[in-house]
Structures are given as structure tokens and as C-alpha cells.
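Read through the structures below before going on.
One chain, chain A, appears in both complexes that follow, with chain B as partner in the first and chain C in the second.
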Partner chain A sequence: MNIAASPHATGAQGAAHGGPLRDPLLAVESISLSFGGLKAVSEVSFDIRRGEIRAIIGPNGAGKTSMLNCINGFYHPQEGRITFKGVARRRMKPHEAASQGIARTFQNVALFKGMSTLDNIMTGRALKMRRGFLWQLLRHGPALAEEIEHRKFCEEIIDFLEIEHIRKTPVGKLPYGLQKRVELGRALAMEPDLLLLDEPMAGMNVEEKRDMSRFILDVNRHFGMTIALIEHDMGVVMDLSDRVVVLEYGRKIADGSPDEVKSNQRVIDAYLGVAR
Partner chain B sequence: MNPLYQIFVDPFVQMAGAPDLFAQTIWEGFVGGMLYALIALGYVLIFKASGVFNFAQGIMMVFAALTLVGLHEMGVHAYIALLLTLGVMYLLAVGVERAVLRPLVNQPDIILFMATFGLTYLLIGAGELVFGGNPKTMIAKELGLPSGGIDFNILGGLVSLQRIDIAAAVIASILVAGLAAFFQYTRVGRALRAVADDHQAALSVGISLNEIWVVVWFAAGVVALATGVMWGARSNVSFALQIVALKALPVLILGGFTSVPGAIVGGLVVGIGEKLGEFYWGPLLGGGIESWLAYVIALAFLLFRPHGLFGEKIIERI
Partner chain C sequence: MFYREAGQFKATYAADQAVFPIRQDRIGLALILVAAYVAVPLLGGDFLLSSVMIPFLILSLAAIALNILTGYAGLVSLGTAGFMGAGAYAAYKLSTLFPQVNILVWIVVSGFASCAIGVLFGLPSLRIKGFYLTVATLASQFFLQWCFVRVSWLYNYNPSGAIEVPARALFGLAITGPSASPVTRYLIVLTIVVAMTWFASNLVHGRIGRSWMAIRDMDIAAQLIGIRLYPAKLLAFAVSSFYAGVAGAMMVFLWLGAAEPDAFNINLSFLLLFMVIIGGLGSLTGSFFGAALIHILPIAVRQAPASVGLTIGGATVEHLTYVITGAMIIVFLIVEPHGLARLLQIGKQKLRTWPFPY
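Let's turn to the complex of A and B:
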């Protein structure tokens, strides 16, 4: 996959471990979001550094998904601000977030069910394909060349994710684990600067989890992609992430390296509090 | 005579007895059906992209035809007028996106639906204001559309095809196939299907709803122009023409509001069923069944296929 060829990706490498604190890719500053009377997120601040895998954990309903929704513009926090690539913003539309380099996957797989794996991943190229629709109407010349070029890129992603055998299959027919993989492929096709993954391994068996972990690590280590990861499986979180932020009832209760977080008393209490 | 015999046996005896008439009827149904399919496609595209039934589709057809003829009356060459009309339909699409869809995004669907009512009356008003309210004759000849008929001596009789019908069938087929291919194989087409499938996911990959809306409304405008020319050539161009667009309703019931193949097959079923019914069963009821027969056909289908011909099962999440 030639994601590595894009300048931002290669240049970002190396910042992951012990990189400079000054220049985070994304900084969230005292974000608050409420729905009616319910505070989903309360005054949360954290940052994501270039090249790292940043885990966001917490019990169900802690506000993790809401946080991602704020970052990619689905929700507009009532207070606080978000700085991405040094530009602070208050409101942003999802497709603006996408065009600035934020891609995501969803907790409940959100694929285009009627379309094939390849077509789903091709939609990830929507922003990279710029020929006007009149050209496409002719399906000729530049538009056709463009189509072919992007298809090749998507085929590389398909190879990388080892899903060649299902490239023509309508994704609605695929088992859940593979759908999650296709969804990752669609996000990768955007060549994002920041990849938001909302429980990419939920509902997977051990083997599928291992595959998915490997893909996430590869994307991060080889292509230098910055990743925010929401995940419940503590083993996975400890293995993959560089730093962890912990939310509970919409508030941040801990932030640090996996080891620090693991031994933090408030975190232990939060998880025992919802122990099943 | 026994009424059961008259309903269930006699029509088929007639069909078998005079295959030339039968072929003639099927042909006429086919031509009408292709045009219905085209109109239905206009509805389907807009419904897929914005989840709204575009009440104005019929009037867009009249408006396009009026603009074309009106421009020609002002002394513009027919082909230039055709291009200009396409331009007007594009501006209409942009205008609708700016003035209607963009401000109303995230409003309930019923609000958007009401907005298309508003658009209908706006277009009626604009059309009358600029081009007057009198019926006009479609400039079929000036556009190079053929006239007259061709007779075939086949099936032991005479089957007569109107040249304009042949042209209509060919043009409608090309447009239908072209639109279907466009939405199957291009970025914009993929984006449209993506929006129809999962709104949020489509936004998350950076698909711009605004662009999709313009494209889709323009496509509906092109469809409106084509159908306006064809139907206009068969009768004439007046606001009464919009009734034809309502024929697309049973087509949509049959084919489903989101299915392109459904619109095509549904259009043909309604077109052909309607002609057969009118010709073979109509006399039993004293004629005049064409206006409602399509709905009966559609409802009969619904009894067996509640989700339409190709519509997927929609299970509401609760």
C-alpha cells in the first residue's frame, strides 16, 4: 500500500514515542456536550500526538462515542474547543472534518450494505476524486483514468486487509467481523491524518481480534497514521496504545501510559463499579 | 353471456385470435411503459438522495417542455433551445439545492415534501408568467423527431408503429440505461447510493450532500425534459400534462421508491398492463378504465409483494 508515499504519513513517524509535547495533532479543550438535561461529556480535555495510538476507554455510557462524534463534526459541543493541525474551531460539518483528514469507523458498523466491498472502499476516495460530474457522465478521458487509478489504490488496501476473496460481495451479506474490516478499509482509503476507531473489535472472536490488532498496529507503525481507539478489551488496549484517556460519566478520570492508568485507583473503582 | 367467461376466457381468446392486434397493444403499452419508467426514475433518484417524494416532478416536466417550446417561439433555433432548456434545468437544480434543501436539511421529511408543493406552484406561476397559459404544440419536427407510421405485415395482419413512438422508446431506453450506468459506475453514482444507504457513514467519508442534491435534481430535470418532449409530441404542451407524471405513482408502488430496476420493470408492467386492460377488458366496463387501472395493478401486486418488486424489506428499528 502506498499510503506511506504520502508526505504527511512518513514525516509523522518517530513522533509516537516520547515525541514533542508541544505540537499535538489534535487538542480537545474543556469540551462539554449535553442532550437536554443529560451531560454526555463534561469539561474533558486531552490531546493526541502525531503518530501515536491513543486509547479512549471507560464504562458504557461514559461519553466515548460522543467524544468521537464531536471530533468528526457529527455533534457540536456547547462549550470548549477543538484544535486540529493547529487550527482551532467551534463548529465543523462532518464532510469538512473528512476533507481536513479525519476518518472514522462506527461502533455499530455503518457500511453501505447494498454495495460491494470494493465499492464501499471506493467511497473512501470520494474526496480524492475531483473530476466534475459532467466528465463522469461521459465516463471517458480524465474521469475514467481517475477512476482506474483510485481503484488500484483500493485494491492495495484490499490486499493489505486480506479481503481479496470478498471484494465483489455485497457487504450486507458478510459476517460481522469482515464488515468491521471493510469499514476499516473504507477509512484507510481516505488516507486520513487522524483515524478514529470506535470499538473496532466489538463482537469479534479471539482470532479476528488478533487480526484486527495486527492491522491497526501495521497502519500505525508502517504508515505512521495517528489513531484514536475506543476499545473495551483491556488486553488489546494495553498492547496497542501509547497513551490512554479514561472517561466515566462524561468526565475524564485518568490520562497516561497504559501502566499508569492500570494502577490508577479511580480507574479501578470505575471498572469495579460496573463489574458484571 | 356468462360474465365469468367474458372476464376470464374471452379476452384471451381474442388475443390468440388476432395476434397482430395483440402485438400492436403490447407495443403501445411498451412505449408508454418506457416513459413511465423514465418519470419514475426521476422520483426514485430524488427519493434516494433526500428521502423525499418530489411532488413537483410532474410540473418540472411541463415547465421543461414549456421552456423549450417558448424559447423556440422567441426565435431560438430548436437545438439551441434544447441546450438552453438543459441549462435552465441545471439552474433550477442549483436553486432548489440552495433555497430549499440546504435551509431545510435535518427537518422532518414532511416539511421537505411540503416544500416540493411550494415548488410546484412556483413553477406553474413562473411558466405562465413567462410563456403564457395557452397550450402549445411540441416542436417535434424542428427537433428532428420523426413523424408518420411504419406498417408491418406480420402475424397475419397489420402492425403499425408510429415513428415518434419508436423514437420515444429508443430515447427513453438510452436515458434509462445511461442513468443506471452513471449511478452504478461513477464516483457521484457511488456517492448517491452511499447517501441512500447510510447517511452518517456517507458524511463521514466526506461525501457532500449538496453536490449530490444538485446532481440528482439535475438528473430529474433532464428526465423531465425528455418525458415532456415525448408526451408533448403525442398530445400538446399544457399544464394538464402533469397528470401523466402521477402515473408514476403506481409504478413506484410496484417498483419501490428506491430501486432503479424497480422503476424500469414497474414502468413496463404498468404501461403494458394498462394497454392490455383497456383494450381487452375495457369494453366490459364501458371503457375509461385507463385512469385507475394502473393503481389496481399496483395494489394487486402489493398483496403478494408488500415491499414492491425489488424493494428490500425494511424493518423499522424500535
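Let's turn to the complex of A and C:
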């Protein structure tokens, strides 16, 4: 894939290997979110550094998905502050988060079911395509050139994710594991600075999990993309992530390297003890 | 049949991004165009042109208008006839106020008038979804219909309340009014419909069409990709009502010759929705299939018994048509929601891979 050739990706890659690795891309400060009386997230703070894979773990209902929804502007926390690329903000709309470089996948696949794999991934390029209405009417000259240029980019993603054979298949007809892969492709097509993955391996068999882990690692290592990953499989989390934050009942109970978290007594009690 | 893509390797993405990547499809399209432009006018009689082809083409364009809104953007509308009426009355007013400007110009401009009204009604509808949106479009249908009856300025205070098409010519050739020949009117309708179908096809195959379909399939995910819902939906309203307006203007000027307000009533809106459902939601080809079926079915029902020596009354024809249409809608909604267009696609897929099942 040629994502590395694009200017920001090389920049991020440089950062991953070089100096400002400690620079937080995203900082979440005492975020609280409640639905009516229910506190989904209570005063959670953590940060995500450029170039890292940051895992968010916790039992079901701990508030992990809600946290991601706050980060990309889908939910608006009642309290707290989110700083992305050095800019703090209270409220923002999902499409604004997208234009600032945040992409995500969903716990329950949220693909465009009536469209083909290719069209789904091409839709991920929506923000990069600039030709206006009149050019679109003609679909010639610059509009067609733009369409082809982005098609090339999407084909690189399709190659990378090894989904060439289902390029023209309506995604509604694909098995679940492949749908998850297409959804990752659509997020990658946005060339985001921060990629939020909500349980990308839920419901997959061992082989599919291995493939998906490989893709996630490649996206991070080769293209320098910063990733926040929600995952239940502790083996995967330990293998992939640089740092882990643990939530329980909407509160943060631990934060640190996989080894630190693994040996934290509260985590063992609250999560590992229950899960295993 | 040699419907194969064997040997047709697409060396470039340009070729594969074409609207019709398979050569046989392009040849088929060319054949249809030749038949439409040469064979039909040469071989078809006045009945075929005036009562079958012209209405079929105009209804197809109106079905495309609705399909853009409903099939592509997922906004179910029952207001299409109202917007067709807006186009028709705009064309009527403009052509009687400024008779020196060519009527074809006014037909296209009336699309913009309908488009403006569509945007006006679309704006408050952006925040509502599904059933509520459909009810809002129904309200616009009734409001516009009320205007066509009550605002007598719209029909130049004609005591009958109807609009009658003035005779207009292009390069000395009569194109509207009683002296315009069916062939002339047919060729004009055909050209406008072909051009607008081409534009629509370009739109739905590119960035804009993809963003409409994304909103239709999963609006939350569309937003998180950076698609802004309101502008995209408003654009769908604008384009759809433009198409409906042009179809409405053509309906009065090039098909009926005169129209009462009732021509643009809710029945027509429903009929167009049936065409889109039977033909195929989210398919331009399907819009043509749907229009053909809904328009030609009653004609066929009327003529079929006569051709085997039976006579049946007009009321029976009407009832039979309703029954058959209703049955087809139910069948398509249950069995194949993507309509005739999808059946054709499945058929082509079978041909392509025949005799192997995959």
C-alpha cells in the first residue's frame, strides 16, 4: 500500500521512530457522560500518544464504546475536555471529527449494506474528493481523473487487506469477518491521524483474529497510524498494545503497560477474574 | 448468447470505473439508442408515439426524479406529482409571460423553479426521518395541489381552471400545441430524457451518489466519514425536484397539451412510487422498467382481450390493472425489493457464469 507516500503518513512514521513519540495526539481530561440517571463514563482521563496502539479494556457496559463516541463527537460529554492535536474542544459534530482526522469502526459493523466493498471504501474518500456538482454531472476531465486517482488509492487498501475477490460484492452479502475487514478498509481510506477500533475481532475465529491482528500491527508499524483499540481478547491486547487503560463501571481503574495492567490487583479482581 | 467478459481485461481503473464496464452492455445501450432514435419514429404510428412512447419516457424521467430521492438518498416521498405540477405551472407562466423565449428554454428553467420549491420544502424536512418525512412530503403535495386550484394567477385566470399549452415552434417547426407532430414531440422528449438520464447516471456513480447511498444505508456511519447530512439530503431534494419539474413541464407541453390541477394529484405520486418499487429502488434502469410496466400494463390489459375477440368494459380494465399492479408491488416488496432491475442483473450474472453455478 502506498499510504506511506502521502505527506502526513511519512510525518507520522518519522515521529514513531524519531523524537516526539511522547507527544500526545489526544488527551481526554475528566470526561463524564451520563444518560438520564445512568453514568456511562465518570471523570475518565487518559491520553493517546502519536504512533502508539492504545488499548481500552473493561467488562461489558464499562463505558468503552461511549468513550469512543465522545472522542469522535457522536456523544457530547457533560463534563471534561478533549484535546486533539493540541486543540481543546467541548462539542464537535461527527463530520467535524472526521475532517480533523479521526476515523473509526463500530462494535456492530456499520457498513453501507447496499453498496459494494469498493464503493464502501471509496465512500471513505468523501472528504478528500473536491470536484463540485457540475463536474460530477459531467464525470469527465478533472472529475473522472479524481475518481480514478482515488480508485487507485482504494485498490491499494483492497490489496493490503486481501479482499480483491469481493471488490464488487454488495457488503450485505459478506460473512461477518469480511465485513469487519471492509469496515477497517473504509476507515483506512480516510487516511486518519487517529483510528478508533471498537472490538474489531469480536465474533471472529482464531484465524480471522490472527489476520486482523496482523493488519492492525501493519497499519501501526508501517504507516505510523495511531490506534485506539477496544478488545476483549486479552492475548490480543497484550500482543498488540503499547499501553492499556482499564475501565469499570465508567471509571478508570488502571492505566499502564500491558504487563503493569496484567499484574494490577484491581484489574484482576474486576475484569480478568470475572472474564476468565 | 455471448454475454461474457472473458478476454476483456480492464487494463486501467478508468475502464473499470466506467458506468458500463462490460462491452456487451455498451453495445446494448447503443442499440437501444439507435432503435429509439431511428426505428421507433420510422416504424411507429401516432398511437405508439403519442400514447405509449412519449408518456413512457416522461414517466421514466419522473420515476428517476423520485428514485434519486427515495432509491438513492433513502428519503421516501409522496410529493413527486406536486413538484411535477410546480414545473408545469412554471413553464406555463414563463412561456405566456415571455413568449419570445423558446419553450425548450422554459421547460429547462421550470426545472429550476421546481427545484427552488423542492429546497424550500426540503429544508424543514431535513431533521425528520422515515415515516414523518413521508408525511411532510405528503403535506407539500397537498399544499401545491391547493395552489394549482386556488391561485388563479397560475393559470392566467382561465375560467376553466386548466392550463392550455400555447403553440410554439423551434426553427419554424411546431413543437408544442395542436399542430406539433408526434414525431417531433417524441424526439424532443427522447433527447431531454436521454441527456438527463446521462447526467443522473454520472451523479449517482460518483462522489455525490455514494454519499446519498451512504446516508440511505447508515446515516451515522456516513457522518463519521465526514459526510454532512443536511447539505447532502438537501442536494437530493434539489436534484429530484428539478427532474420532477422538467418531467411535469414536458407532461403538459409535449404529452397532454393541456392540464387540469387534478393531473398532478396524489394518485400520480403513488403511481410513481409504484414504478420505483417495481422497477428497482436505487436503479436508473429500473425507473424505465417501472414506468414501462405501470404505463403499458393498462394499455395491454385493454387490448389483449380485444385481440382474442373478447370485449371488456373500461371499469373492468381499470380494476384489473389495480389488481395486477397491487399484486406485483406485494410480490416485489417481499421477493425482490430491488425490483426488475435486480432480476435483470441476476439474469446477466447467470449468463456470465453459465453453465457453471458460480
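One rule holds in what follows: the second predicted complex is superposed on the first by the 262 of 276 C-alpha atoms of A that agree within 3 Å, B and C clash if a C-alpha of one lies under 4 Å from a C-alpha of the other, contacts with A are read in each partner's own complex, and residues count from 1 in each chain.
Convention: contacts are C-beta pairs under 8 Å (C-beta built on N, C-alpha and C of every residue); 3 or more make two chains touch, one makes a residue touch a chain.
Source: prediction; values computed, not measured.
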item: Combined model on chain A: chain C and chain B, fit or clash; value: clash
item: Partner chain in contact with A:V87 - chain B first, chain C second, else both or neither; value: neither
item: Chain B versus chain C as contact partner of A:L38, first or second or both or neither; value: neither
item: Chain B versus chain C as contact partner of A:E155, first or second or both or neither; value: second
item: Contacts of A:V206 with chain B and chain C, given as first, second, both or neither; value: neither
item: Chain B versus chain C as contact partner of A:G124, first or second or both or neither; value: both
item: Shared chain A contacts, counted only where both chain B and chain C touch the same residue; value: 72, 74, 93-95, 98-99, 103-104, 106, 110-115, 119, 122-124, 126-127, 129, 131, 133, 136-137, 139, 143, 147, 186, 190
item: Residue numbers on chain A that touch chain C, as the complex places them; value: 72, 74, 93-95, 97-99, 103-104, 106, 110-115, 119, 122-124, 126-127, 129, 131, 133, 136-139, 143-144, 147-148, 151-152, 155, 186, 190
item: Complex contact set, residues of chain A against chain B; value: 72, 74, 93-95, 98-99, 103-104, 106, 110-115, 119, 122-127, 129, 131, 133, 136-137, 139, 143, 147, 186-187, 190
item: Of chain C, residues touching chain A in the complex; value: 12-14, 16-17, 19, 199, 202-203, 205-208, 210-211, 213-214, 216-218, 220-229, 235, 282
item: Residue ranges of chain B touching chain A (in the complex, touch as defined); value: 181-182, 185-191, 193-194, 197-198, 200-209, 211, 215, 312
